[in-house]
Each structure stands twice: as structure tokens, then as C-alpha cells.
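Per-chain numbering from 1; labels A, B and C assigned in written order.
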Amino acid sequence: MRRYVAGRLLLMIPTLIGVAILTFVIMRAVPGDIVALKYAGSPVPQSVIDEERHQLGLDKPMWEQFTDWMGEIARFDLGTSLWTGHSVVEEIQIRLPLSIELAIIATLLAVVIAIPLGVVAAVRQDTWVDYAIRLFSIGGLALPSFWIGLLMVLATITFFGWAPPLVFTAITEDPIANLSQMILPALSVGYRYSAVSMRMTRSTVLEVLREDYVRTARAKGVSERLVVMRHALRNALLPVITVISLEFAFLIGGLVVTEQVFNLNGIGKLLVDAVAHRDYTLIQALVLLLASVFVLINFVVDMVYVVLDPRIRYS
Amino acid sequence: MAQAAVRDSDDVARRRYLESTGPRRFARFWGEFIRRRPLGTAGAVLIIVMLLTAALADRIAPYDPTAFNFADLLQGPSLQHLLGTDPFGRDVFTRIVYGSRTALLVGFTASFVGCTLGLVLGVLGAYLGGRVDQLIQRLMDVLLSFPLIVIAIAVVAALGTGEGKIGNVIAAITVPIIPRVARVVRSSALSIVNMPYIEATRAVGSGAVRIMFRHVAPNVFAPYLIMLTAFLGQAILLEASLSFLGLGVFEPTPSWGLMLRGAGMQFLEQAPWLAIAPGVAISLAVFGFNLFGDSLRDALDPRLRTA
Amino acid sequence: MFNRQIAAFAVALALLLAACTPAPKGGAATQSASGAEQPQAGGTLTFIVNAVPPSFDGHRETTFALLHPVAPFYSTLYKFDPNDLTKVIPDVAAAMPELSADKLSATIKLRTDVKFHDGTKMTSDDIVATYQKIIFPPTGVLSPRAGAYAAVESISNPAPDTVVFKLKYPSASFATNLASPWNFVYSAAKLKTDIHWYEKNVLGTGPFTYVSYTAGQEWVGKKFADYFAKDKNGVQLPYLDGYKALIITDANAEVNAIRSKQASIEFRGFTPQQRDTLSSALGTSLAIQEAPWICVNYIVPNTKKPPFDDVRVRQALTLAIDRYAGSTALQKITIVKDVGGLMRPKGPFAQADADLQKIAGFGTDGAANKAKAKQLLADAGQSNLTFKFLNRNITTPYEPVALFVLDQWKQIGINATHDVKETSAYQADLRAGNFEVALDFNCDFLDEPDLQLAKFWSASGLGKGLNFAYYDDATLDKMIDGQSRETDPAKRKALVADIEKYAMDTKAYQYPVLWWYRIIPYLNTVRGWRIGSNHYTNQDLETVWLAQK
């Protein structure tokens, strides 16, 4: 077991190194650079452009830029943003609370909606209840969330003359302002998210319901409710946890369109701006951060499996 | 564990049975599908309508999708223009109809290429095991944890996306599909690779390539097919999102996501048809593929988990 | 006195609006033209900035996204008169510069009542340090506009309230350049301790003091109680208690912000449909100001790539475009409007319409022009011309303008495809000459031929990095230089007209599609701000006030 944990942890390193190399190579291969972009359309002499590229270290050979970056990472220094000159950590710190909070609220919404509906759909398989729930859940996968988001804002503004606040307030500072900014985006994201988890809940519960021990329990006359709650759901939850966790990891940096539509100052928007600006240091730091979150959550999920499911043995 | 193994072989037998039989079995399968799975049938109907629309676009659409008519810009829905006109006086209904071609082209190609590459990598990893498997798995991990948007912008920026470069958009959408399929295929293939009959085939002296393609691949065909439909819908949605962000298909190519960008949403109140029609078209298409894909999974391989 | 000015301003504004505003749907009220109002003090103005600014240093950056939120923290030596944006007036200077008889020395007296926000007095040391940094940047300090001050030989301060600029040769644009909105007055002491201090910090003498900046989200400023300026009635400026600048990059979110009254105004410009949406939703609580804009899209054929080295092909491309039809259609859907040459239409250097219409592609007979274009292509052996038209992935106004142009070309049998690239990659292609024909743009803060013709210098000479048509033409260089040295306005205008004919017709190097049109719809509680033909100047918010209900 200990060897398994250590092994899993060690496996994260090559993945992250791979991500680092891939980011570096992709971004340098993409045409365009930050300095030319910054002065686009302005009559700026070449000497100024060359000087700025020199100051940002963009005139160094590629391998040197890479080893410099690796060296910095080894010293836990993520560098400064090429665009603003502020430290990358500072830039990320400003956006991270919003992204994490939105991910958490959307997750809560998804869990609250998905699990009960998923179980009901499974128990009532192939009845109109099942069909209705499945239609509702497939709707979550099919409706483009940016479209729904735009329509929702437009609806509240047209009918109530209200639009979500435009500036992020920490939940500790003013919970109402905070939540009124979060609620619409959380709903538009949470719908898709709950659809994904609901489908998983339904199919795993269905699967478990066919297992022998559930049949045995039923045969013994245990009430259907108890069968579902005690046996089916508990055992069906593991894959659902996986889906929810991976989706959570995605939400931290993947809400690019939602953040744009609702003007949320989050990690997804920061990443898109960084790529548009060719802000190499910031992109590299963000991609590494998101990949680490993903890999870590994956690891935690695996560990949860080991702890919760006695059938799984690792040697 | 022993029980699980028995069930696995049951399953495999069932799948092999399903896939290896002739036309009569095929007809019976679909007959049953239609009878027992109304939602899946509804999905199939939506897909067929969409396919027909795309195939007959030039017959159905009353106008040229790219011809401007500045005299008629931003007209409301009428008998001449069922869904009104856009800011360039182009018929919105015509652009929706032609947009189905873009959506299907992107959806089918991205999903097919992505799933096939995933299938090959998954089977290779499962069959060869060892170092190769490790390497493939790590590569897939890297791709999985890499933010899609960076890949999309990189592909779009490096290769451009204007007219006639739709392949680049497809490439951007294909990449993230590969690792997801490879993972599922690998785990399905693992259970087959370890079965005695593969061992036996190998003992008889069949080559690795032959075993992989004659014996392993057909056995993971069901999950492959299911994922193909599932990712088709997702690819259409992704194309819409990328186009909306200005990183996908570009004017004057008719695309639903593009119709929602700028022109669509900015005119939301003066010309609501511009914002509603493409959104509905995207939703219906994705809806159709998901409904069908779900029922297909239930029919072929109820255990497969494709979120 | 002040009231009369306001009244005159209001009348001018009403005229301007009457002339330029197509009556918006829903009939939003334009700013009240009758009854000059007494400005009210107090309130916080919330406005939108639709891009994320880089560093805080105005000397270093070139984007409006820096000016809008940061300009209120600073003063400049001179500035453009908010009531007449073509006129330069003193800011921290006490008077206009005094020129010596040989015009080689400009003496500037400074106000003695100017304080930095930390309470220290501003002296001539600060002005010298500021302009040393701008004109003679030490190694490692970036000053992209240093070239505009090439005439300056040295800067000195004989007294704490006097600055002297010594010039190498007389310069007509010198005073105007001292009013550049980018030339924030910085503290000599701060620059001495760290010349890069202003990239991440703020300390100015402007009407507002810095409170906070949340990256990617908002700037907050509050009234500087010791600000030096008072209005004509002796009331302390600024009128506002403070301001917030919200960063909102999505066009729909911008409209929603104003519609829900969470923000009052955006100073760059909205599209006609954004205006109409707001106007039908907000009715009389919305005011609108519109003005021609010193911004334009150019069609740039790459003269290094055949067949665009053939002048007939380039002429055909401009002849095919019916700009008047385009204007009628495009002004309904995006931010372009007037047909013009290289100088802003209706601006001080614009040719009369009748003269402009003699230039290829600017005639009013679209069909005849197209026939001629077809003939030119046939003569050049390019009847089946096929090429890629490079554009950037920004909707407003690039996409509609490009689609219009493509459609015009299609009508004479040209098969051009729309090659859209993400902005950074598009810039890279322009700079590398890696395109056939591109849609370029230009924006300036002043109607000034030197600025608007900067893109027309020879590509291997002064036009390096600006002239993406990649031609070298000594004749044109000489013409541009000639107009720059001409001090008689009427003669200069004639020289500029010659350049327009030569560059857009005779050689057809690069030519505008349509000039942009600036539309600012805003909550009518915002008063004392007047639209100009650019989005760079007049942003210190000194005299902006809010009408309380």
C-alpha cells in the first residue's frame, strides 16, 4: 500500500514535466510575440521593440529560456508576468478565490441535483420519470452554457432590471453581494455539471441494482428504499465521486466562456488573456497550476477508492 | 473476483454475438432498439433530419448563404425569410441549413479521428504492456491535464482558421478526445488481452498486429462506437464555443457558434431571431447525438462509463 | 462667464448631435441643450474600460486601456481644451511656452501651487526629470514616443518655476507634443530612487489620488483635496468625490453594465446596436454623443508579392469598393461611417468631397468603377485573381468591414478568402510580410498629417515596422517630408491632397475602407464630458460631474 502511494506520487512528476515541456514548446511555436502585440498600430521604432524583448529575456536562445524557467521552478519562483510586470503568484492570487468558489458552488449544485435525480431515474428505469430525468440531463449536455448564460442575464435584466454585480466581493466580506454575482454563472455551469454526474449516478446505480447482494437483500424482504439507500447508492458512489472530482478540476481553469459572458475575473479568463498576449511566464505558471490540480485530484480520487472500496487491492 | 471474471466473459460473448452476426441480426437489433428505446429513436430521428439537411442543403435553402443583400438587412421573420435576415441581409434560415454541414463535418471528423487514434493507442498500450504502455499512459495523462483552450488557441494561432482551413479547428477539437478514448479503450482491451483465447492465439503463432486488429480491436468496438456518438455531440458543442470565442470557424463560413458571436448576441433585442435560431440548432443537434449515444450504450454495453 | 461657456458648449453639442445622430430607436434624450447647469460636487463615477492595461507607466505604454483609468491621477504640462479639443491649453504650466526670436528656445513658466498626492510641491525639477525620461531615456527605459521630440536638444530649469527646452531646429508641432496625454508629470525624487518605480506605482499631481487596483477588475480613485485647479467660479476641482474604472471586455457585459446602471459610461465607443439596445431599454435616462473618429481601416496589398506589385491590380482592388454604398450599410451595423482619404473626413486636412471623388475608388458611380476595375484586372492578366485576405479575429469593426470588402471584390470576379488570425499571429504576419492583402488599422489622437501619414514612409526607411505594403518610394518620402516642413496651413493641406492622390490612386499603395465613427451612449447623470475625435485625450475627469436627482 505504502509502495503504491509512493509510486502514484512519483508518477505525477513525469506528467508534470511533460506538461511543462509541452507548454513551453507550444507557446514558442505559436507565432506572435508580446512586444509586437503591445505596440500594435503605434509608430514605435524597432529599437524600442528590440530593447523590450531584451529586457523580457525573449532574445535569449530557446534552450536557455527553458533552463532558466526550470531553474526558477526548482527554486519555487514562478517569475513575473511579461504583460504587467507583477509577480505571477500575485496575478493568480487575485483570480483564484473566485474560480475556486465558483467551482465549489457549482459542485454543490450539481451534487444536490444529480444524485437524487440519478437514483430516481435508475430505480424507475424505463418509466416516464426516467425519460423525463434523462431528457432534462441531456439538455444540460446539449445547451451551450454561454448561450444559456447570456439568455439568463438578459432575462433578469429585462424582467427585473437587475444584473449580477460586476466586481468580485469576497464571501467573508459581503456574502450577499458575493452570492448574487455567483448564482447565475453557478447555475449555468452547474446544469451541465449536474447532467454529467446525474448520468453517471444513474448508470452505476443501475449496475449495482443488478448485483447479487442487492438481489439477495431484496429477496430477504428488505424494503426497496433501504436497499437503494444502504446498498445501491453507497456502492454506486465511487464512480460518481470520480466524475465530480475531475469535473471540479476542470472548472478551476476551464470556464473561459462563462467567465467572459458574466465578466468574472477568474483563472479561465486570465489564461485566455495570457495566451492572447503571449505572456509566456504567466501561461506556463497557469498551465502547470491547472495540471497540478488535475493530477492531484486524480491522485486523491485513487486514494479514496483504496480506502472506500475493500475490493480494490493494490500491490 | 472469480465471479467478475465470469461476468466479463459473458459480456464479451454477448458483444461478440452482437457484432459478428449477419444482416438479419442487425435488423432485429434495430427493431428492438426502436421498440424499447423511444428516446434513442427520437435521437436517431434528429440525427437523420440533420444528415438530410446537410446533404440537401442546396435544395432546402432558399438563398445563397454568403450573398449579401444590404437592402434587406436585419429583417424580421417573414414568408420570404423564415428566420429573418442577419446584419448583412443574408437569410438566417439558409445559414442555419448550411451551418449543419459545418457542424457535421467538424463533429464527425473530430470525433472519428479522435476516437480512432484513441482506439489505436488504447489497444496498443493494453496489448503490448510494459514500457510502451507506460509511455502511452503518461502521454495521455499529459494531454488530459493540459487545458484545452491553450491547445485551441495554439492550433488556431499557429495554423490560422480562415476559409478553407476548417481542418485546423477540427485538429484543435480532436486532440482532447484522444486521451479520453484511449483510457476507456485500454481498460476494456485489458480484460480481453488477459483472456485465455488470446493466449491461445498467440501460442498458435499469430503475429501481434494480427491479434490486435483481428481479436482485440473488434472486442472494444462497442465502447468505441458509443464514444464516437457521445463525442460527436461534444465536438459540435466545442466548435460552437470556440467559434463564439473567435477561435473557431470564421466568416463567411456559415457556422452556428459563429452566428452567436458578435452579430448574434449584440442584436439580441432588436433581432432576437439571430440569437435564438443558432442556439436552438446547436442544442437540437447535440441533443440528438446524446440521446442516441445513450441508448446505444444501454443496448450494447450498459456498463461503459462515458460521462 | 462660466455659464456662458457651458451654454455655448451645450449649443455646440446640440448642433453636433443634430448633425450626426441618426435618431435612435426609442428616442433616448440627448444631453439637455437648454439651460446651462451649475455643476454639482460629489458622487462617484463608475466607468468601463474594455481591455486589461499592462504596466502603470504612461511614458512606456501605448494603449487607451492605460489612459482611461490612470490619466485622472496625473497632470501633464499642457493639455487639450476639454471644450475645444483642437486647442492646447496649460495644465501645470502657467502659460503657453514663450519662444525665443530664433524659435530655438522655449521657456515655460510653471504654476507654483501644484502638489503631488504625497504633499510634496511640484517644481521644475519634476518636469525636467519627466521629460528627460521621455526624450532621453537611459538604457533599459522604454519610451516609444521619444521620436516625436527629435527636435529637442536639451532641457534645463533655471528657476524652480521655469523650464527651458532648447531645440535643434524650429518645430511647429512642439507645443502640441507637450500636450500628449501620455506625458504624465512624475516626481523627480521617485524617479531618482527607481526609474522603473512608476511601472507599478502611482504618484501624480492630478485631480484624483490612487486608492486601489485589483488586477483584471477595477481601479479606484478618490478626489485629491489639494488639487491645484479651480473652476471659473472658484469652486475646487474635481467635482467628483471619486471614480471607479471597471474592466469589462465582453461587448454584451458592457451593455448590461450600463443597462443595469452599474456603470455610467465607456469612453472608447459602442456599436450602433449597443447604442440602440441601451436607448430602447433606458429611454430618457440615456444620453448619446457621437463624433467622427481619427481611426480607419486600410486595405494593404503586399507589394512584394506578385501580382500586387502590379499597380493595375492594386488600383482594381480599390476601384471595386463602392465606399458610399458601404457607408450606408455598414454604419447601421458597426462603428464605421464616413468616406474619406488619408485624413479624417470633415477634419482640418480633409479634401473637399468633389476633389476626393476624383481619386480611384472614391467616385460615386459604383458600377462604372467596377467595370473599370475589371478592365484593369484583364489588362494585368489577372481576371481570375485569387488571394487570401488577412484579418484579425476582432468582431468590431474588422469582421463586417472585411466581409463587405470581400463581397465587393467577389462582384468583379475576384476570389478572395477571408484569412482570420488571432491578433498576435496577425501582427506577426504583418511584420513578417507573410500575407497577400491585409486589413490594417490606424488610430491617432490628433488630426495631424505627420501622424496619419506615418504608415506611408518607405518600408526600409522611416516606415519600418509601420508600412506593411512594403514599398520603397523616394518620391512619396519627399512629399511627406515636404508637407511636414510647410508652415502655411492652406499650402500644407494642398500638399497633403497631392499625397492622397499619389498614394491611393497613382500608385495605389494602400487605401482606407471607411473611417470609424465614435458612439458614446451613457447615463445622462454624467455631465461635463465632451466627446472628441479620439479616445486618448480629455480623460482626466477634472470637470466631469454627476447630476444628482
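Here is the rule we use: contacts are C-beta pairs under 8 Å (C-beta built on N, C-alpha and C of every residue); 3 or more make two chains touch, one makes a residue touch a chain.
Keep in mind it's a predicted model, so treat the numbers as computed, not measured.
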For the pairs B-C and A-B, output the one whose chains share more C-beta pairs in contact. A-B
Select the chain at the greatest separation from chain B, using centres from the mean of Cα atoms. C
Based only on mean CA positions, could you tell me how far chain A sits from chain C in angstrom? 40
Just the number, please: Cα centre separation of chain B and chain C in whole Å. 47
Report, in whole Å, the distance between the mean C-alpha point of chain A and the mean C-alpha point of chain B. 22
Would you please write down the residue numbers of chain C that are in contact with two or more other chains? 252, 281, 422, 424-425
In chain B, which residues are in touch with two or more of the other chains? 153, 157-158, 265, 268-269
Tell me, which residues of chain A touch at least two other chains? 30-32, 150, 154, 260, 276
Touching chain C in the complex, chain B uses residues 67-68, 70, 73-74, 87-88, 153, 156-158, 160-165, 246-247, 250-252, 261-263, 265-270
Note: in the complex, chain A contacts chain B through residues 11, 14-15, 18-19, 22-23, 26-27, 29-32, 126, 131, 134-135, 138-139, 141-144, 146-147, 150-151, 154, 196-197, 199-200, 203-204, 206-207, 212, 239, 243, 247, 253-254, 256-257, 260, 268, 271-272, 275-276, 283, 286-287, 290-291, 294-295, 311
Within their complex, state which residues of chain C touch chain B. 25, 251-252, 271, 273-274, 276-277, 280-281, 325, 328-329, 332-333, 388, 391, 393-396, 399-400, 402-404, 406-407, 417-422, 424-425
Under the definition above, what is the set of chain C residues touching chain A in their complex? 52, 54-55, 61-63, 140, 142-144, 146-147, 199-200, 214-218, 246-250, 252-253, 256-257, 259-260, 262-263, 281, 422-429, 431, 441-443, 451, 454-455, 464-466
For the complex, which residues does chain A have touching chain C? 30-34, 36-46, 48-49, 51-52, 55, 83-86, 90-91, 94-95, 150, 153-154, 157-158, 161-163, 165-168, 260-263, 265, 269-270, 273, 276-278
